[in-house]
Amino acid sequence: MGTRASICIIATSMWSFFHKLGSPPWLYKISGSILRWLLPITVVALAVGLAWGLLFTAPDFRQGNSYRIIYIHVPAAIVALAAYYIMALAGAVSLIWKMKMADIAMKACAPIGASFTFLALVTGAIWGKPTWGTWWVWDARITSMLVLLFLYLGVVALYEAFDNKEAASKACAVLALVGTVNIPIIYKSVDWWYSLHQPASIKMTGGSSIDSSMLYPLFWMIASVYALFACCMMLSMRVEILKSEGKTGWVKRLATESNS
Amino acid sequence: MPNSEPFLVADGLSLSRGGRQLFSNLCFEVEAGELIQVEGSNGAGKTSLIRILAGLSRYGFEGRVERNEAILYLGHSSAVKGMLTPRENLSWSVTGRGQYCNEEIDSALDKVGLYGYEDVASNTLSAGQHRRVNLARLHLSDCPLWLLDEPFTAIDKAGVENLQEIFASHVESGGAIMLTSHQALSPGQRVRSINLSPSNFGAVG
Amino acid sequence: MNQASSRIESTLSSAQFCRRLLRRQLVLAIRRPVEIGNPLLFFTMVVALFPLGLGPAPAQLAEFAPGVLWIIALLSNLLTSDAIFRGDFEDGSLEQLLLSPQPLYLSVLAYIGAHWLVTGLLLALVSPIFAVMLNLSTASIPALVGSLLLGTGVLSLLGCVGAALTVGLRRGGMLISLLILPLYMPVLIFGSAAVNAAVLGNPAGPYLAILAGMLCFAVALAPFAVAAGLRISIDA
């Protein structure tokens, strides 16, 4: 009985949390108070992680100092991929429950995800030049990352093309979900295609022989970049909330309060 | 027909476009034998209301619509393909209700004044004749509820009178019609009107 | 008594409706033969561009032929997909289709089927001519036709998703390529791989099987995305 009661309580509190998530003023308020401590923590964590990774870890015995770019490249790539799934999830929520905040999350996520993808591609190219002597390789991972960038840009372009923003969100949600189904297929086919054409002249995955002294700052940076992503999402969503709710009472009150 | 359930129930419909409230908390029922005219100035939301009721608009409004009967919807566009003849347009209709033999289709076209045009390419017909091909669907359909958006557009005087007769007989035989039009419907018909002008939200006369 | 309500409507099964839609779409296409011919003409012209760009050396042309033929097939499919729903959207037929009591999944399949019959199928059937023009070995022609038959089906299904999402927009043409081209990549990879395998004398069967698998997957899922896209576009 006890477990059932507690499940009930969890279910109802989950429901009320979900319900609150759909309320713009609540989300605006709670994201404001989260950002107040998350933003400084993120800045400090990024600074510490970058200093640790770029200055204090030992240089790689083969790649020298150039390998240090993985402390930006790898977290950016991981977050870029995760952001796509977050966007698709928000799209699914928007289609199924018609939640306005899910629309806003999706709208905010696309350009941020695209930026992280772009960052991952650029840092990858910069890493590639000294390491393999070329800026660009049609490697499975790089190509998939490029396709991911295309998918993000497709969502952004589709959203901008619609005049009716509600319809725009729904259309982007469908596109994002189609992309979600396709990403693994695209990755697998590009992977297979590359292994067929490029008989291991360049091997990007040199086994996981990475030393733990290099690994810890990497984990630290991955967590920090996730936090950075969360901050960007919240900031961008707050702007969108204010834009879409500009004519409602609570935003007007907010504006007058901050002026006085 | 008081004990049968209404054809359509609209409950608390509200719609705003570009920050302007078009209508709010609109509640009404459409029952058998009713002819309802939606009135309002240009941009009052008449077409939006009909599209919401038909089920074409699914986002951007608040409220609930309950549809209990099959609906025939005729919108602004005539849904007539220029490359097909009027007969083909009706027999291969994308509405997906019923199939008709050529005699039925020809008789429907005859009733809207297109006798002799059954087999010519529709792109040689005028805009008004396209509308008439579309209106021939009224004769073929057996949907009890008709939602018509500006049915009199581009129809000549005789055609309008003919349409009024069709409306009267559909309502008499237990159907219901909801239409938007700026035109006064024929006198002697019991017409309920829903006015969408901003001053009287949801006023039902 | 109204004639309309007194007559008993003979009911229409989903299969009958689907056949009727397919017939309607095909008749519409056949009455504008130029629009069926245009993609083929496009295909021919682009094939003619490649020797001008790459040089007329037969060996070199043959080496690039599988990829070239597949990319052109992909582009000509892409160019036609924008029009799948546009006519019906503009004249109001699409509204009627969405209000119809028939399952939209099947109706959409009829549209896609008609599109494939007048683009993909024709392209696959005339592709041997272009293969010969680009000096592709005759042994690889069955693989080319087979891969095009299966692959263009997937392309039509994916293109239809893009068409449904952009049909409500006035400037859909460029956007649809941005949305759909990334999704075309797996088809391109396995389609040209099938032809390449045949050129090298290897069996093309496994690649064709993968393409067939993609086709099944796309047939199962894409119409749902198309249906959702159409409902959104009609609302915009």
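As written, the chain order gives the labels A, B and C, with residue 1 at the start of each chain.
Just so we're on the same page, contacts are C-beta pairs under 8 Å (C-beta built on N, C-alpha and C of every residue); 3 or more make two chains touch, one makes a residue touch a chain.
Everything numeric here is computed off the predicted structure, so don't read it as measured data.
Among the chains present, the centre nearest to the common Cα mean is that of C.
Counting contacting C-beta pairs between every two chains, the top pair is B-C.
Distance between chain B and chain C, defined via averaged C-alpha coordinates, is recorded as 36 Å.
Put simply, the C-alpha centre of chain A and that of chain C have 34 angstrom between them.
Mean C-alpha positions place chain A and chain B at a centre distance of 48 Å.
Multi-chain contact residues, meaning those touching two or more other chains, occur in chain C at positions 232, 235.
For chain B, residues touching at least two other chains, in rising order: 59-60. Shown for chain A are the residues that touch two or more other chains, namely 164, 167, 170. Put simply, chain C touches chain A in their complex at residues 161, 165-166, 168-169, 171, 175, 178-179, 181-183, 185-186, 189-190, 193, 214, 221, 225, 228-229, 232-233, 235-236.
For chain C in complex with chain B, the residues that touch the partner chain are 1-12, 16-17, 20-21, 23-24, 27-28, 31-32, 87-88, 90-102, 107, 231-232, 234-235. Note for the complex: chain A touches chain B at residues 98, 164, 166-167, 170, 247.
Contacts from chain A toward chain C in the complex involve residues 95, 147, 150-151, 153-154, 157-158, 161-164, 167-168, 170-171, 174-175, 177-179, 181-182, 185-186, 189-190, 192-193, 196. Chain B contributes residues 54-60, 70-71, 73, 75-84, 88, 92-100, 104, 138-142, 144, 169-170, 172-175 to its touches with chain C in the complex.
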